[in-house]
Amino acid sequence: MIVRDAPSLPQLLFAIKGSIIIQIAPRMLFFALYTAAVLGIDRSLYPLPHVSIAAMGIFGVALSLFLGFRNNAAYDRWWEARKLWGGMIADVRSLGRELLLFLGEGPARAKILKTTVAFAHLHRGWLRQSDTVAEARRTDPAAGDYAARRNPPDAALRELMLVLEAEAAAGRLSDMGRRTLAERLASLTLAQAGCERIAGSPLPFVYSLLVLRTSYLYCTLLPFALIETAGWFAPVVSAIVAYVFFGLSAVTDELEHPFRDVVNGLPLDAMCRVIEISVAEALGEAAAEPMRPVDGVLS
Amino acid sequence: MIVRDAPSLPQLLFAIKGSIIIQIAPRMLFFALYTAAVLGIDRSLYPLPHVSIAAMGIFGVALSLFLGFRNNAAYDRWWEARKLWGGMIADVRSLGRELLLFLGEGPARAKILKTTVAFAHLHRGWLRQSDTVAEARRTDPAAGDYAARRNPPDAALRELMLVLEAEAAAGRLSDMGRRTLAERLASLTLAQAGCERIAGSPLPFVYSLLVLRTSYLYCTLLPFALIETAGWFAPVVSAIVAYVFFGLSAVTDELEHPFRDVVNGLPLDAMCRVIEISVAEALGEAAAEPMRPVDGVLS
Amino acid sequence: MIVRDAPSLPQLLFAIKGSIIIQIAPRMLFFALYTAAVLGIDRSLYPLPHVSIAAMGIFGVALSLFLGFRNNAAYDRWWEARKLWGGMIADVRSLGRELLLFLGEGPARAKILKTTVAFAHLHRGWLRQSDTVAEARRTDPAAGDYAARRNPPDAALRELMLVLEAEAAAGRLSDMGRRTLAERLASLTLAQAGCERIAGSPLPFVYSLLVLRTSYLYCTLLPFALIETAGWFAPVVSAIVAYVFFGLSAVTDELEHPFRDVVNGLPLDAMCRVIEISVAEALGEAAAEPMRPVDGVLS
Amino acid sequence: MIVRDAPSLPQLLFAIKGSIIIQIAPRMLFFALYTAAVLGIDRSLYPLPHVSIAAMGIFGVALSLFLGFRNNAAYDRWWEARKLWGGMIADVRSLGRELLLFLGEGPARAKILKTTVAFAHLHRGWLRQSDTVAEARRTDPAAGDYAARRNPPDAALRELMLVLEAEAAAGRLSDMGRRTLAERLASLTLAQAGCERIAGSPLPFVYSLLVLRTSYLYCTLLPFALIETAGWFAPVVSAIVAYVFFGLSAVTDELEHPFRDVVNGLPLDAMCRVIEISVAEALGEAAAEPMRPVDGVLS
Amino acid sequence: MIVRDAPSLPQLLFAIKGSIIIQIAPRMLFFALYTAAVLGIDRSLYPLPHVSIAAMGIFGVALSLFLGFRNNAAYDRWWEARKLWGGMIADVRSLGRELLLFLGEGPARAKILKTTVAFAHLHRGWLRQSDTVAEARRTDPAAGDYAARRNPPDAALRELMLVLEAEAAAGRLSDMGRRTLAERLASLTLAQAGCERIAGSPLPFVYSLLVLRTSYLYCTLLPFALIETAGWFAPVVSAIVAYVFFGLSAVTDELEHPFRDVVNGLPLDAMCRVIEISVAEALGEAAAEPMRPVDGVLS
């Protein structure tokens, strides 16, 4: 995630990080050249058929609405994913406090909280399809065992429950405590399943096809409408239209998958660090520094 | 559900799976030919009345808004259905843990979890109007009895509660445990009723009529507007407009019914498998493989 | 509610049920004739002032946005109403199970569940302002008494609570059971109040005025814009525009009041039947058939 | 709130109540005359510069989107306010039932329910900045004391809790009852704070400025675009555009503040009466009549 | 936050506070002059290429949709932030009442409520990155200690829980009381994490780039379209378009960060005062005055 403010003028002109310009520059260039070629043929060789710009306007509106829809849906996924992680951070903090109230400060509480940190790392690894066992093992030596299961973060939560059950069996956890802590774990479970849902269910593929095909058709027809209406500006207008349509598509593609390790993705590393800090402070241990953005990007 | 990334250029040009092109190609062809005919008559036989493209623009905007509305509503149904199933997966995992805490690892817990798997299969069968009793019977031999009731998944949940009641009557389940587990079942019940709602209440029929009728009217009038403004491109423009309008309509029709077994439908089979895996791991049994997309499609 | 799939081509051309065409045909005809008159006067008698179609476009966009807003708001009301009823169905099923767990199978449970059916019928009657006492009395002979109160469904819920209180006073209902069942009743109460809210608070009247007045103004001015731009198609375009604008208005009017007994209203009768079936199966009694659509309409 | 159905044709033409026509008529007239003046000068004295109607179209679209946004936000506030009050009505009914179950029918229950009615009146008074102490005193003689505090409805809820505490101290309220009733009060507290939020946080002022300034600029420039395109219809078109833009702004202003005592405001008086009736029926006392709309308006 | 009503006519013309006019005036001026220069060159030196205004219209619609999207997203953040603070106010009031019910009026209750006030101040300080320790210390002398931790408001909540634990250990807090109060603290924790989320996760940077770059491109090309269509009004139209596009961008930038101490930001100081008043009244102490807007602005 890029943690930067409104762009300054120079950034606006030259910022590349966080921009999608590099990705779409070839297409912009292609459509500019193509438009120039259409214009050149029309003016020098023989007149090509023209399309009224008003006819383009009609499906320009439709295309804008579809792009807008996809963009909204992708942003909602990104923001919901952020909310789910925010809820997990709150759950971890509340868990620390509820353990204090119902179990007291003891080894079971520390064990549970440390396994929660491992859960967060394994969950991050699952979502990013990267190996986070080493980090999970820093607080919970058994993290490797969880990682051997089909769903490692779920295994970590199961382990938590076993600790609670042992405490309950030993008479150290009241019925009310069991219920309160079970609810907290259910809340973590729900957030985990929510993240899995977002990671595993992309936007319906048919939208990507529909929107991209329509964008290409639009940009292919556009020069025939620009011949009369934009004159020698036509290649510039084509490039800008390509910038707007393919740019928004590219943004949508990044936000649609909020857990990927891209500059506009969610800072899962930093959020796991926040959880580590929360647990350390709850246990009265020395807390690490929060992660700082590197070159404006929080990973 | 198609689990594929942003389409590559060749996919973009040729992808047919997950596309709706086959469904709407006849209409695109029809309107292209019709437009060519109108154009031919106008140019060769005698001039037809023209409509200004601006007049078409006005109701093009209105039509885009209606299509956009229907599309939003259909996507919301699809995504809500996915959320409900995601919530059910979380509920099953939490149920496994709460049973551990309140009942301990014993036959009752195993029985309940296995009946939950049967519930998921029967629920899937109800939603898809397909026969899933055989799969449900794999974990719960009594699944055939549930299937004989008016609402088989509801009967499965009732069975769960009878097991809990027996445990309670035998003094093995505390009052707090009853409450906690009853809440979990209520959560499953709510998700089930939510899916029934989506399956049983389509978008108001009047929208389909209004949108489709307007689309046909639009495409019928369009050639008279394109005569002047698009020249020999007119059939192409007509076909593209038909592609955009009927294509979005077709997408909407698929997403409106998220439980149907179509390529853009929800992967209920795969999600039932996730539930099976979660239960198997909770019981410490060997878990099946998650389902893999076949030819890019998860069923 | 019309339970039909995407319309087939003949339906598209001729479907009248669920369509709003009959309601708005007079207005379509009127504006077609009016446009023909304007056109005739302009061409034969003396030229009338013209309005540019672009000027119409401006407020066409504004009008489309307002219509779109009203339509969204009405659909949200319709869908929220459906969700509330779906939640009530889930509540009734959960109630059946929770009574089993906390009260056991006995006369009190049967009494409560049967009164719940009466509640559903009385609630339906309240929302539709129709007399449903006879149906309510089928399961609860005291339904007539509830109906004599200001808010009959609320009286039915109060009766439920009295049964619970008697059980509690007799020592057959634990504190935890009281709480669990009180929560279930509170959930029904909330759904009931939500339905009352939708039934009692229409969309602000000012929107209807604003939208309808603007639609009439638009259709009145439109012919002066179509004179030049649509030629002899003008009456057709006028009729289509009237169809789109008044048609959407009419749809909105139906969905705004989701409880009315109209073809696009919610199938309250069928949902009460679902509740009856759920209760019958929970009590192990013979369950009625679910209601079937009559001529494609579920009432 | 105006409780009227879709307007009939005569209402449509002449309805003034609930309409915002009176408020904006001066502006409509002004812009009509101004447009006529511009037109007269252009035609008789010397030609003024013209603006293309298409240029106006561009910012017409932008302006429509802003107006649409403000309108959506205002309507959401209005509807959320209605939901909060609907939730309070449900809370009061549930409170009556839960008191029955946990405290039984006694003086404490009556006292609490009557104080709840006072709470509703004081809350309404706070939101409308009107004096409702007399009405609150009808059911709770101590209402005057609450009214002397900074936040009278909060003081009424505090009083409720003191009654509960006394019952608990006297051993008449179990721990579970305390919790259940505390949750109900917390729900009322949340609804109260939600209403305070809506009443105290208007839409950001900058939107009003931006939208109104742009509307005025638009209407000022419009005549120069209408000179060519609308001819002698220009004053009419100007007046209609002013009607649409300022009309929607005026609607937004009313709905933005849903608690004010205006015709499109929420019927707080009627909803307090519903609460009175619910309490009376819960206590078995004679219930007042629900309030009836006066001249189509429910206050 | 500006607490002012709909602007009066003079305000409309001259209001500067709360307006973003000062911020964007340079850009409006620049584009007006630039347009005048383009126009001058075209008319006096040699004709420049023209762009059809319709071509601008196409991406004007797209740009409006993007601006609209960003604006919606920013407003949603602002309003969600307000809701979270409103929920915290309700939580504090409910906390006061629940402490009364479960702990009684004693020093522990007072200590907890006063620490809650410190929590609110520290939370505000964290969100605004300002020093609020002095204000927090007014009610809780240990506020300085909390401020030394990584997350001061979280430390304050931890302190609250320690007090509860001591009460529980001393036998003064029942199991049910523990659970009820733990839930209340969890609710505060969730609201705190929600605010952190909004403060720490700006809208994806790529949107700002895309929207601002497109706006600049638009305004740069616009004069070439206005040459023909707006004549000598062209600089005025350019300035207005710049006003609309950059104005909305500037509004979005302010609302996107709802906790910053700007005129359109949330009144955190005033809301902390509301919390102080609620606590004072709950403790029966003299309550401060609510904060009054200074010059129409509540900070």
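Going by the order they are written in, the chains are A, B, C, D and E; count residues from 1 in each one.
The rule is short, and it goes like this: a contact is a pair of C-beta atoms (placed from the backbone, for glycine too) under 8 Å apart; a residue touches a chain by one contact, two chains touch by 3 or more.
Keep in mind the model is a prediction, meaning the values are calculated, not measured.
Colleague: If I list every residue number at the interface of subunit C and subunit D, are over half of them used by both copies, so same, or under half, so different?
Modeller: different
Colleague: Find the geometric centre of each of subunit A and subunit B from their Cα atoms only, then give the gap between the two centres in Å, rounded to an integer.
Modeller: Measuring from centre to centre gives 23 Å for this pair.
Colleague: When the centre of a chain is set as the mean of its C-alpha atoms, what distance in Å lies between subunit A and subunit C?
Modeller: Taking the mean C-alpha position of each chain, the two centres sit 37 Å apart.
Colleague: Enumerate the residues of subunit E that touch no fewer than two other chains.
Modeller: As it turns out, subunit E has residues touching two or more other chains at 54, 57, 61, 65, 175-176, 179.
Colleague: Graph shape for the chains shown, where an edge means the two chains touch. Line, ring, star, complete, or other?
Modeller: Basically the chains close up into a ring.
Colleague: For the complex, which residues does subunit E have touching subunit A?
Modeller: By the definition above, subunit E touches subunit A via 49-52, 54-55, 57-59, 61-63, 65-66, 69, 73, 149-151, 154-155, 157-158, 161-162, 164-165, 168, 175-176, 178-179, 182-183, 185-186, 189-190, 192-194, 196-197, 200-202, 204-210, 212-214, 216-217, 221, 224, 253.
Colleague: Residue numbers of subunit A touching subunit E in their complex, please.
Modeller: Contacts found on subunit A: 1-7, 11-12, 15, 18-20, 53-54, 56-57, 60-61, 64-65, 67-68, 71-72, 75, 78-79, 82-83, 86-87, 89-90, 93-94, 96-98, 100-102, 104, 174-177, 179-180, 184, 225-226, 228-233, 236-237, 240-241, 243-245, 247-248, 251, 254-255, 264, 266, 277-278, 281-282, 287, 290.
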